[in-house]
Each structure stands twice: as structure tokens, then as C-alpha cells.
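I've put the structures underneath this note.
Both complexes below contain subunit A, partnered by subunit B and then by subunit C.
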Partner chain A sequence: MTPEELTSKIKTTLPDKVEELPAVTGIPAFKVRPEHLEEVCRILFSDPDLHFDNLPCLGGIDYPETNEIGVVYCLFSFARRHHLNLRVMMPRENPEVITVSEFWLAADWFERETAELFGIKFKDHPDPRPLLLIEEWDEGYPMRKDWEGKDFIRMPEVGQEK
Partner chain B sequence: MVVNPSDRVEPASGGRELETQEFVVNMGPQHPSTHGVCRLILTMDGEVLKKIVPDIGFLHRSIEKIAENRTYHQFMIYTDRIDYVASMNANHAWCVAVEKLAAIEVPERAEYLRVIMAELNRIASHLVFLASFSIDLGAVTPFLYAFRERERIVDLFEMTCGQRLTYNYMRIGGVSRDVPKGFVSETKKFCKYLYPRVDEYEAILTENPIFLGRTKGIGILDLPTAIGYSVSGPPLRGSGLKWDIRKDEPYSAYEKFDFDIPTGLNGDTWDRYKVRIEEMRQSARIVEQALDGLPEGEIKAKIPARFRPPEGEVFARIEAPRGEMAYFIVSDGSTKPYRVKIRTASFCNLQALPVMGEGFKIADLVAIFGSLDIILPEVDR
Partner chain C sequence: MGVIEKVPLYLEKIPGGGLITTSLDAVLNWSRASSLWYLLFGTACCAIEGLMCTGASRYDYDRFGMFYRASPRQADLMIVAGTITNKMAKRVKILYEQMSEPKYVIAMGGCAIRGGPFYYDCYSVLRGIDLVIPVDVYVPGCPPRPESILEGCLKLQKKIKKQKVGDWSKTEKFIPEPK
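And now, the complex of A and B:
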């Protein structure tokens, strides 16, 4: 399927569940509300034409200006050879979204990483222990934009150094 | 001890059924066969693995956070440190992603040089795999042979960019410098030299009964599980899927070269080994073709020092020696990326280790772990 066909197919299969985002580098992108994520992923995973069998990448993203935090899902289909990016946005206070490890096993570690670095809770995660940080870590969520660490210095924008 | 005949002595338990108990063994973080700092918590029943729980993060440097704090050019040196065994490929992945984001045209000569370097580094990386894998299994000779050949590749890189480990050769829009005089002929000589050497490794290992006993039917990874865990690279091809990003989603100049994608049948440790051996030959073929067709011209597109890609996002991936290496970049139009997510092959491949290892013996775990060719800085980032 070409990206355009894929976009229209998803829009007809999942009306009111997804919101189209601009596809910047050729990969269709959609925004999904957290409460619809499970249903959307189930259809993306099981629909024979969409058949997204692979999750190559999952990561968090933080927008303090608009008080939003989100998760980006990069999906791929080996069977149909097409890509898709999904985005779920939530308010920054107590963000919670359902795990997708039910569909893609690879989500397990990706979500554990995102949970500890961004402070996003993944509901029904099979193994919600921290993954990368030390056990006694208590300095907040380092990948959030407003995180302050004792050795962390923010570099100025190039051309505006003193 | 003197036993008084009037004391009662309990006889030995002889043929009685012995009670067994599961126990936990801690393997690593510092273990010679983990090739880095990785801890595996093993639940054992005698010699048999009941449960494997990898514990990672000992090398976590938060490179993704560093990336948000550096310009696109400055981040290049950090990509070297994500995968230090194949840093040409790690450089390449960053270049491909940023160039896709900013729609930069790369001169053809630069693309050819990148392909040459990436493929030479793939050979070097697979040689390190061969060396460490064979020494894990107790064969010392291939270790010495493989490092002998790798030395020649490292010499070629040193000739080109002055570095022997973290090359930092590529730049956004091209490469940092042209290859020196004599590079083309030396590399051609090396390729000619490599083919019989690969045959030599195969003569030592491939049909060796001890090697077969340690690898055939060990650590089987079936294809649905591999796809589910997003396993990529030689482990995925070893499980039987003919998938290679160089062929299926060509980047750089790969669509111009003729090469085969080796695959395995059973997804066992032997298949993963065999796929890598064959890939070395294919990489040498690509290098030869690229050297023959190396065009003249510019080696770098003109990119300003204060490089600002347009607002947007990109997901771009390449085939690194360990599998798929991808960057997801979100740009806000400034000189620094807003968010960089680094997807590395080892991270996903290691996740499949419990599925592959459970039910086998602890000695097999070393072989299975070796056959995944994990590199820990890439797992922890």
C-alpha cells in the first residue's frame, strides 16, 4: 500500500478514533486519544490489510509549553511493507496509557524504559520494574524537558553564547 | 573422628530419590562471555535454565538526553559511542536520518565512500563476533585469525580518518575527508585476501563436530517470536526471513550494488553464525563493486555550521551489523534536535534471549548470547 492509500484506509477503518497529523517524511502519522489506543492497536495489528506485525520503535516525548506528554509508536508491517507513526498525548500530571505489549512483545522493554525516563505509567504492563536506571534512583524523570540534575548544564542555542 | 560401635551410624542415601531444588545463579555483570556489562539472573534446575531475567543499564549514559543538548553536528561523536565496534554504521544511521529530515542531497562520491566504509566496518564487526563467539565455545585459533584480518581493516580506517576505534568519519551531507592515495588498491587487495580467509574459518568451524554439537538446534528462535520482539539483523535472517534494509528499503547507494541476503532455516545458533559468515563475503562483494564504480566529485554537501533542519519528524533506519539501527528525530527548527529516540538492534535482540535460552543448559547460554552478538553500550545507550 502506498502511504496515501494507507492513510485513507486507516481513516475509513477507524473513523473518530484517529486524527491525521502531517506526514513529514513520507510516513503517515496519526494522533490517538489514550482511551482509544487499545482498540486502534488491536485493529492495526489484526486487520488483514493493515497487518502491523512489528514495532521497531517506541519512545516518549515531552512538551512542557502545552502541558502535554506523549508516546510515539513507530509501526511497521513485514507482511505489507508499510510504516505508520502513532502518537498518544496526555496531560503531564499522572500520564497513563495502556500497554501495547499484548500485541507487540517488543513493547515490553520500550515501555519500561519510557516509564522510568518520562514518568508515564503503562497500565497492565506485565513487568513494570525499572530497566535502565539504578534501583535507588529518586531524582525524577530525566528525559522530561524541565528536569534538573546536579551535573546537567543546558547548552545555549548556537550563536547566542556569551 | 572415632566412632564408638555403640553409636548409631546413618547409612548413606544410596539409591534413594534425591530432593531437588531450584536455585538462582547470578551471571555477570562482569562475566567474560557477556562481552560488556550485562547481568543475567538465572533460575536453574541443576544445569537446566528455567528462567532468564536480563538486568541491563550498567552503561546507561542517557545519550538521548545529551542529544537534545547538542547541535546536529556535535551529536555525531556520540553516535560513535553507541556502537563502538561498528561506529561507521552508527555514524551512517545518524547521517541518513538527519539528511532525510532536512532533504539534503549527498554527493554521489560521498555515498559510495560511506557504503565502502560501512561494509568494511560490517566485516570488522562480524570478525569481532567470530572471534568472541569461537573463544566462548573454546576454539582459540579463529579468535587469533579474525583479529589478524580485522587489523587490516582498522589500518585502512586509520589511513582514512586517523582513528582506530571511534572513527567519526561521516558528516551530515557527506564524509569528513576523501580517502588517501593508495586506499583503493589496498582495499581491493584486502578483499581478495579476505575470501580465502573466510573459507578458512569455515574449514575450522562450520562442519566441526564439536562446534556443531554446541550450536545445532541450540537457542532456537522461531520467526513469529522474532518479529514480535522486533529482532533484526542476522538473528532475524537466521530465523528464515529474507529481509535486509539495504535491499528492501535502500538508502545511500545500496540499490546500485548486487549482493545476496543469506538466510537460515531453523533459527538456531548455527544459523546465526552461518548468516554472519556469508554476510562477510557479501560485504566484500559490495566493497569491490563500490571501489570499481567510485565516481569522482565532491565529498560533502554544503551544510552551514548553524544547521537548522525544518520543523518536523523523521524515522529513518539502516542495516547495521547487529541489525536495524534507527533514529526517530523530532525537530523544532532550532540547531538542536527536540527529541532523539535511538532504536538499536541489541536492545531488541537481547529482549528475546529468555525465549531462546530457557530449557537449555547453562553452557549453551554462553553460545546463545554470543550468537546474538550483543553490544552493551548499544543496549543501555
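And now, the complex of A and C:
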């Protein structure tokens, strides 16, 4: 399916559940509200025309200026050869979203990583242990933009080096 | 190691004993420097250059009697090749402690020396392996060319040939900076 066909197909299948974002990289992108995510993912996964059977990438994004934190889902369909980006935005205080690992098993570790580095809670995750950081980590969520740790050294501005 | 360290104490009391000690030093140091077996482990891209490429036939560690051992119990030399994360640092320390004396360490590449490109804006990388274990030779580069790491190994061999009986347990006195 071409990106234009995919965009119109998703708009007709999921009216008022998704909100179109500019396709910066040529891949259709949609914004989903956290409470609609499970339904949207179920339709994307099971609809025979959309048939998104693969989740190559899932990651967090942080916007301290607008007090928003989010998760980006990159979807791909081996059967139909098309891409899609989904974006869920939440307030930075206590962000919580449903897990998608019931549709795509790959989301299991991606979500563990995102939960550990961004502090986003994934509801009903099958295995919510930490994944990457040292075992006794207690310094918060290092991938947030305003994070400062004990041993953290920020890159000096150009011309400001010691 | 305990018995050999006590040899000079007895030998130096008898006339002509110093000659024997010196010869013993020479023999032991020569055999150590000529059979540096390095521990087979690499944590990042430096391992491709420093262990795989230099260990292969074009550059060939084996010319200097160096050969890889997959067990720390049989290894004399640890080439810390690459980025050491805080999580990996504990494992590297355990590997180092498992190696039998005398043991030597080469810090290879910018990451193992001082954190390299991960010095700034990083939450997970150790800024220098010498915060955790003592280092004998530093080989700078990102990554160093095989010639550089071979030069580092030759430097280490020179260092080994200068040491005296009883020097080997010096590394036990190493106290790393508090992290």
C-alpha cells in the first residue's frame, strides 16, 4: 500500500481515534490518545488490509518545554510492505500507557527499556523488570532531557571548554 | 608465588647469592615476557582491531609468544579493548581478580583510558578502566592501529624484563579511587 492509500485507509477505519501528523520522513504518522491505543493497535494488527505484523522499533521522546513525554511506535507490515509511525503523548508527571506486547512480542524488551530510561509505566506488562542499567540504579530516568546524575558531566558549549 | 618471593631472602645471605638471584630474575622475566597469554574478551569495537585483526595472520601476536586464552585462570595479560560501562566494570574487575599473578593490563583505546567520546553527556560509561583495575600500558587511539597495540605489547615486555623477584604482588596494594 502506498503512503497516501495507507493514510486514507487508516482515516476511514479509525475516525476520531487518530490525528494525522506531518509525514516528515515520508512515512505516515499518527497521534493517538493513550486511552485509544489498545483499540487502535488491535485494528492495525488484525485488519487484513493493514496487517501490521512487525514492530521494528519502540522508543520514548521527551519534551520538557511543553511538559509532554511520549512513546513512538514504528510499525511495519511484512505482508503488505508498508510502514507507519504512531505517537502517544502524555503529561510528564506519572505517564502511563497500555502495553502492546500482546500484539507484538518485540515490544516486551523495548517497553522494559523505555520504562527504565524514561520512567513511562506500561500497564499490564508481562515482565516489568529493569533491563539495561546497573542493578542498584537509583538516580532516576537518565534519558529525560533535564536529568542530572552524580557522575554526569554535561557537554560544554563550543568555546566554553576549560 | 609465595615460595619464589622468599628465595632472595635466603639467597642473599650466602656469598655469591646475588648472582643467582639476578640470573633467576633474568630467566623468569624472559619466560614471562615471551609467553604473554592474553584473556580473550572484548567489550567494543577496539576488540575488532586489537584482538581479531592483530591476532590474525597479517599482524600476528603469536610472533611475540602471545596467544589467547579463554579462561582468566590461564591468562597473564588483560587487554581492555573498548568501552567499559559501569555495569561491565564489575565483571571486568571479577575477571581481573580471577587471573593468576603476575598479571598485566593494557588499556586500549580512548574509551578504556578516559571514557573516550562517552566522557560527556553519558550516564552509563566508566571514565577510565584505571578507576577499577591497575593499568600497565596505555595505548591511545580510536581505535589504535594494530601497529600501536603491538608497540604497546613490546613496551609491556620491556617493563616485565625490568622487574625483580618480589615485585609481582605490587598490584595487590592498588587502591582504586572511590567511585
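Here are a few things to note about the model shown:
Note that the second predicted complex is superposed on the first by the 155 of 162 C-alpha atoms of A that agree within 3 Å, B and C clash if a C-alpha of one lies under 4 Å from a C-alpha of the other, contacts with A are read in each partner's own complex, and residues count from 1 in each chain.
Going forward, a contact is a pair of C-beta atoms (placed from the backbone, for glycine too) under 8 Å apart; a residue touches a chain by one contact, two chains touch by 3 or more.
In this text the structure is predicted, and so the values were computed from the model without any measurement.
In the superposition on chain A, A:61 makes contact with subunit B only, not with subunit C. Of the two partner chains placed by superposition, A:38 touches none, neither subunit B nor subunit C. In the superposed model, A:111 lies in contact with neither subunit B nor subunit C.
In the superposition on chain A, A:81 makes contact with subunit B only, not with subunit C.
Legend: residue contacts after superposition of the two complexes on their common chain; A:133 is shown touching both subunit B and subunit C.
Of the two partner chains, subunit B is the only one that A:72 touches; subunit C does not reach it. Overlap of the subunit B and subunit C interfaces on subunit A: residues 132-134, 142, 152, 154-155. Against subunit A, in their complex, subunit B makes its touches with residues 56-57, 60, 62, 64-65, 68-71, 100-101, 225, 227-230, 232, 241, 243, 248, 305-306, 312-317, 324, 326, 328, 330, 334-336, 339, 341, 343, 347-348, 351, 380.
Against subunit B, the residues of subunit A that register as touching in their complex are 22, 24-25, 27, 29, 53-57, 59, 61-62, 72, 74, 78, 81, 83, 85, 104-106, 108-109, 117, 130-134, 142-143, 145, 152, 154-155, 157-159. Of all residues in subunit A, only 132-135, 139, 142, 147, 149, 151-156 touch subunit C in the complex they form. Touching subunit A in their complex are the following residues of subunit C: 86-87, 90, 119-124, 127.
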